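The next part holds the structures, each set out as structure tokens.
The following pair of complexes shares a single chain, chain A, combined with chain B in the former and chain C in the latter.
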Partner chain A sequence: MSDLSEKDIEVFIEAIGSYFKQITQEAASIGVAYLAANAFPMNDFTGMIKVSADYEGALYFSAPSAMLRHLLTVMKETNQSEENLLDAVGEIANTISGNARKYFGENMVISIPEKVSGLTSKLDHQSRRHAYVIIIKWKHYSASLIVDISRIR
Partner chain B sequence: MAIVDSNSIKTPSALNKYRGILIAVTLFLLFNLSVLGLNFYTSSTLDNDAVSINLSGRQRMMSQRTVKALMTIQVDAAQGQFNEKNTAELNKVTSLFDSTLTAFKAGGTVLGGNVKPVVLNQLTDTVAIKSVDQALQIWQPYKKLLAPLIVSKVVDEYTLDAATTYARNNNLALLKLMNDLTTTLENSTKAKASKLQLIQTIGLILSLILFANIVFNALRKLRASDGEIEKAQRETTEILNTVKEGLFLIDPQFNVGSQFSSSISKVLQHEISANMPFMPILGKLVSDEIYASAQDYITLLFGNKVKESLMLSLNPLMQVKVQANNYITPNNLSTRYLSFQFNRVVEDKRVLHLLVTVQDVTEQVTQAEELSKLKGQATINLGLLKKLLEADLFQLQQFLNNTKSGLASLNELLANADKRTSNNEDLAKLCFRIIHAIKGEAAAIGLDAIETHAHQFEEHLVALQKKDQWEAQEILSLPVMLSAMLEQMSQIETIVFAMKSHHQSISGAQPLSVSTSVANNLIRLAEQVSQNQQKNVQLKLNLALLDHIDSKTSNQLQQISIQLVRNGICHGIETTAIRLAKGKPAQGEIALSVNISPEGVMYFVVRDDGQGIVPSRIRAAMISSGRYAKDVVNQLSDKDIVKKLFEPGFTTANFADKDAGRGVGMDLVQSIVNTLGGELKIDTKPDQYTQFTFRISQHAAINIEATEALV
Partner chain C sequence: MKLMIVDDSKIIRSRIARIMADATLPAIEIVGFAANGNDAISLFKATHPQVVTMDLTMPEMDGVECTTLLTELDSNVKILIISALSDKATAIQALKNGAEGFLYKPFTDAELINALLELIEE
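On to the complex of A and B.
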């Protein structure tokens, strides 16, 4: 058994990066990466995917509404309702999930992404003692990718 | 709990159990039957005797009727008359008398009183036989004399006279003989009757005795078996009241039996009573799916078609998660795990009951889950465990605290990396300093695994330091490595916590003093580094004052000591050959001492008798390492060269190993001295010594009173 490696985590980040690159011609990049035990930097809208099989836990992509509005604007989407913002964050979670499926194969069973607004800084079911927090930068915005996934087999 | 064997129950056969009673009853019946048989036989003899008595009585009458008929014929003949009736009477009576007398003699059938033939047995009694014989002697001539009178209607006077004369002469004798016969037969019968009575009386008494014996034995047996049952019941009750497991039987209708362990209600969290249906109770505990499979399983067990052992693995209730409202403290919904085992109770190849054993296995399951979690985290290194067990608890605890806070600071650095103006190289250096301190401490307490881990971390940081731009993977690698270290630390923390509680509970022994603990630690470190560097070094320690200063300061002094001892061995102390060549003792010495002046100034001195700090040699080493340009090095003053020692990343080593070569040790020392607010002075003489003196003034935490004696 080995824990998640930087290569494993990078898969999630690459997914986000290439999503932004594809949609906005401007890739999102990694800001900082650190560990958090309880206070997680959640933003206004969060896309969440749960994993099972050889892994357990969940992954959160949490973005501030301003970032998502900007993204929608770039996508020429005028309707910036909360529903659309949630859809945007869900879309990103979906992309992460697609890439992860490709990379991890059948070893990681990935749930359908859930979209939530206003998550607190605590996770409902924390799998890792210390989860990875990766701050993703796009333009001058910062979103959080929280990887609370541990390998169980 | 041992599984109750479910083989067929061997009941002792009823025949065996009651053998004694059965034998007694059989004997009783046989005895009674034989008495009855005897009675029957005697009665039938008595019947025969009664016939004999009757007929012998009739003989008396017949002899007199013969005489009467004869006399009547004679009177009629004297008057010249003849009555045929008289002749017929004579014929009848003589014929009856004769046949009866002959039958008495030889046995035979005669006409009875009701003119029906009766069997007359031959007499056996000698007296009676004698009477009959005598009567026959009288009767034979008598019969001959009477015969002409019976057949002829003409009465011959002479014949008649002869007959009457014979009759007169012998009638009384004949009557007496018949009387005697009757009396003899009566007496014989009486004797037989008395004998029968006696037999009956004895039979009755014996039969009563036998009966009493049977009753007594049966009662005794009954009492004994009642006692056994009572004892067995008492023992069963004791067992059922004591066992922790829930034990009960269920019948083919799935009802709970009358006997069950008192813990069952607690285990199932449901009041249980006899004949209560089991399935509804189960239904409240488990999901519908498990309930359905449990029902099928139990039905299959009662079915008796499949071997019990083969069905063990199919048991859906082998370990089942139950959620039940705690009936003792209602509304307390708690998740528990129960294990149900079913064993057949078989008699005559028929499943009578199932013995159900229920155990609350919550603790085991929880423990197993925790263990598997622990297993999932990382493999526990047995070597690490051994080192932990050997280590000094105080040092371990200090190591844990320092390392935890060190790693937390490292994480803080990572989290705020983008807010700092400094570049990645600086970030790597800062991380390096933290990891280096952890590495030093780990080495000092002998935690090779952590030391190696930290060393790898350092190597990674060295690689990163050289890069201006970090790729995503490189940025991510830092928290990944940090996470691995944290996981390892968390394991150690768990073990240390267990060790501490175990230690406290078993010994209550005084922990080592801080000075002893630090001393042990430094000695161990010195031994290890000397061995690695193939040098011969002895430590001389005077650290008693550490027991009287605050733990933070003593901890930091220890960290300084670790770095300086390591540096002293690696860079200061020469190899034995060189020392001997220089005329110095083969064994090098590093002395560490903590002193306090009367003014309350604390001095921490580390002195080695090694090669000293010689600027010219350092210059040469810097140039030969290839890291520094010759021109630059030559331009530096001696003071600058010594200052270089404290710069992060400065090293003259051509390669780095676990002990030295990273150029971080002195940088770390300087940073700790700065934190303590002290001054550092270096004295050195080539080939003689190097002395580091730390002056820590007016340290608030020093217990002046306690240290006065030491001053």
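On to the complex of A and C.
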């Protein structure tokens, strides 16, 4: 098992930055990635993508409901039901992990999104001893991207 | 021209439909939505669309397999893949299986309209 490099993590930072820029026409402020063993900054809704093949673990995008409602408004989506908020976090997690394959290649197989509300600050099946946490600030909201992925081949 | 929208995300399906409506593209009529490949096959047989927007990562049947089956049913169908999967191998595979265009997520309204117009005008 080998660790992801700083360059590897930069791929996820670029992908989330690009998502906000493209969808909202407004840059998000992306914090420096830090390592955490537990106490992950989970918000109201979380989208999770599991990875497999040459990698193991998962990527999480977790956002407060107010931020997701605002994003849906920007996308001109008037249905802001819980179902659509969950759909939004799943789609964002899916887009970031899918975009990251441009760099990691097809040997990072990604799952369809799992979407949950009210996730606790502990990960159920943590792959790494310390996972990377990236904080995204957009307008006055704060969301988190957690990269709990290891390269196994 | 009849259009079918296939994506497991409801907000993406709605967004594509809304962009089409706002753009008032005269020749395009949306005939239905599907959230996975199996539903897309059934809807395709019932509505006979000439154009399809197709996600790749979906439950039950993914977009690559669905693209293959749709082109077997109608070799003239024009399929635009709309996916976040940005590696070259995936795009090549989708095009080999019968897709005619590839649009990466996230996309802007203009990018979607241009991609669909290019596909239709081919």
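Points to keep in mind about this one:
By our rule, the second predicted complex is superposed on the first by the 150 of 153 C-alpha atoms of A that agree within 3 Å, B and C clash if a C-alpha of one lies under 4 Å from a C-alpha of the other, contacts with A are read in each partner's own complex, and residues count from 1 in each chain.
The rule is short, and it goes like this: a contact is a pair of C-beta atoms (placed from the backbone, for glycine too) under 8 Å apart; a residue touches a chain by one contact, two chains touch by 3 or more.
Everything numeric in this text was worked out from a predicted model, so none of it was measured.
Per the definitions stated earlier, placing chain B and chain C onto a shared chain A by superposition produces no clash, and the two fit side by side.
In the superposition on chain A, contact is made by A:3 with chain B only, not with chain C. Contacts of A:135 after superposition on the shared chain: chain B is touched, whereas chain C is not.
Between chain B and chain C, an angle of 100 degrees opens at the CA centre of chain A in the superposed model, to the nearest 10.
Of the two partner chains, chain C is the only one touched by A:79; chain B is not. When the shared chain is aligned, chain B comes close enough to touch A:30, but chain C does not. In the superposition on chain A, no contact is made by A:65 with either chain B or chain C.
With both structures placed on the common chain, the touch criterion links A:13 to chain B but leaves chain C unconnected.
Applying the stated contact rule after C-alpha superposition, one finds that A:127 touches neither chain B nor chain C. Across the superposed structures, the minimum distance from chain B to chain C, using CA atoms, reads 20 Å. Counting contacts by the rule stated earlier, no residue of chain A appears in both its interface with chain B and its interface with chain C.
Those residues of chain A that touch chain B in the complex are listed here as 1, 3-7, 9-10, 13-14, 17, 29-36, 128-130, 132-135, 150-153.
For chain C in complex with chain A, the touching residues are 8-12, 14-15, 18, 57-59, 83-90, 104-108. Contacts from chain A toward chain C in the complex involve residues 18-19, 22-23, 72, 75-77, 79, 83-84, 87-88, 90-91, 94-102, 104-106, 110, 112. On the chain B side of its complex with chain A, the touching residues are 376, 378-379, 411, 414-418, 472-480, 482-484, 486-487, 490.
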